[in-house]
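As written, the chain order gives the labels A, B, C and D, with residue 1 at the start of each chain.
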Amino acid sequence: MLAELNRDEYGFLKQRSQWTKSVAEAMALDDGLVLSVAHWEIIHFMQAYYDEYNHQPNARLFGQAIKKSLGASKGSSIYLYKLFPDGPLKYANKYAGLPIPPSCI
Amino acid sequence: MKTLVFVIDKPLHGNVRAQEFLDMAMMAAAFDQRVLIVFEGDGAYALMKNQHADVIGLKNMIPVLNALAIYDINDVLIERESMKSRAISEDQLLIPADILSRCDIKSRMNAAGHVFSF
Amino acid sequence: MLFIINKNSAVIGGCIAKASADDVVLLIEDAVFAVIECGESPVMRRSDNNTAAIYALSPDMQARGVREAACHKHIKFVDYTGFVELVVNHNPVRSIF
Amino acid sequence: MKISVQINASPYQHQTADTAWHFIQAALVSGHEVYRVFFYHDGIYNALRDSRPPGDERDIVKRWSELYRQSNIDLVVCVSSAQRRGLLEQSVAKKVGGYDKALADGFRIAGLGLLMEAVIDSDRHVTFGD
């Protein structure tokens, strides 16, 4: 499945139209991560934020925006890093099918 | 906590600096500073409805303005004199903004820790 | 408030109109042309009710051949050290582009 | 007094970088602390190592590097502004196969948080642009 996707040098989807839940799961599995309900909550938040505001937050803004929308505990770095150990902002965007944020290259 | 004023005195589209400028404002709010956004001069045009930046292939900045509230940036001011001289009425504004006189905006700025422009 | 203006444009007139007695307007770079005493200068149109001090950066004047003698009588002159002092003595600082 | 400086315009296009540099020199001579210089928007072009102005012109990039060497002032280039305009930090450039020698001595690439920290910690913040 992954081989058929059009991805950039960082492994991010070039076209969001190729995104499906199974694509996200396959990309995560390829990174050694099994997506749980908690992951999906963040991923869906990322997509909704991008669709509504046409904006990609940086790491600090990301935490703030999650706090505001999903509650303080979920916007904390500890919580987010537990879900995405290699970088919450980068990998939440990756599995959401969004572009790589500038600070994550 | 400082009060930081971000003055938008140019239209938002056609200039990537505007995008980076709004990032600065959001970042200031994320650092728990009190943020005030002021639209004045030709910046008043930035708040008008019916903008379609995608027609010329640019990033649409209007949704980004809506994101300000997420970071608790709720103090958005627009100068009454700038609106009047540009024939902009309140019902043409995209996001809620307090319409204040030049003098009132000036005194808000005077009380600030710093005023940013782009 | 300290206004720092770097272009010779209508912005200067607007700032001077807006400025109050405890404000300072500093004209740098191409804005120093505005201090030459002539009919078109916004500094000339400054009403006496507006008492904000107006400064021009003298190295930028020298670079452009603007002589102090040709300037409006209200204008004060500073070098870079004076620029720093204006910043130190006024808050907030607002640069206008 | 603690003063921070922000530079929003490229060198050579306009007088911006020159005015900022003279201002910083005067601030240092007057005994003030220049806490940080933050390069934003097109200001990031001040950090391009390979800038080679003609020999009879001032070398703006070199002047910044010398300022760092002499006064140890933190010269920070905004990461997002830089990436958008093609200036990559060495480790990032190596990772993505980009040019990894672009950044001049004394500069570092970092996030917008460092600008905010400077604004919050300094008594004054002065922006130079075009």
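As a working rule, a residue touches a chain if its C-beta (ideal position, glycine included) is under 8 Å from a C-beta of that chain, and two chains touch if they have at least 3 such contacts.
Keep in mind that this is a model prediction, so the values were computed, not measured.
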Request  = Report back the single chain whose CA centre is most distant from the CA centre of chain A.
outcome  = C
Query = Which pairing of chains accounts for the highest number of C-beta contacts?
reply = C-D
Message = Could you work out how far the Cα centre of chain B sits from that of chain C, in whole Å?
response = 26
Task = Averaging only over C-alpha atoms, locate the centres of chain A and chain D and give their separation in whole Å.
result = 32
Query = Using mean CA coordinates as chain centres, what's the chain A-chain C distance in Å?
reply = 50
Key: Contacts with 2+ other chains: residues of chain A   = 58, 60
Task = Pull out every residue in chain C that's touching 2 or more other chains.
result = 91, 93, 95, 97
Ask   = Can you list the residues of chain D that touch 2 or more other chains?
value = 8, 80, 84, 112-113, 124-125, 127, 129
Inquiry  = Touching residues of chain B toward chain C in the complex: what are they?
reply    = 5, 7, 9, 41, 102, 106, 109-110, 112-115, 117-118
Key: chain C residues within the chain D interface of the complex   = 4, 6, 28-29, 59-60, 79-81, 83-85, 87-88, 91, 93, 95, 97
Ask   = Hey, which residues of chain C end up touching chain B in the complex?
value = 1, 14, 18, 20, 91-97
Query = So in the complex, which bits of chain D are touching chain B?
reply = 8, 40-41, 78, 80-81, 84, 112-113, 115-117, 119-120, 124-125, 127, 129
In the complex with chain B, residue positions of chain A that touch it = 49, 52-55, 57-58, 60-61, 63-65, 68-69
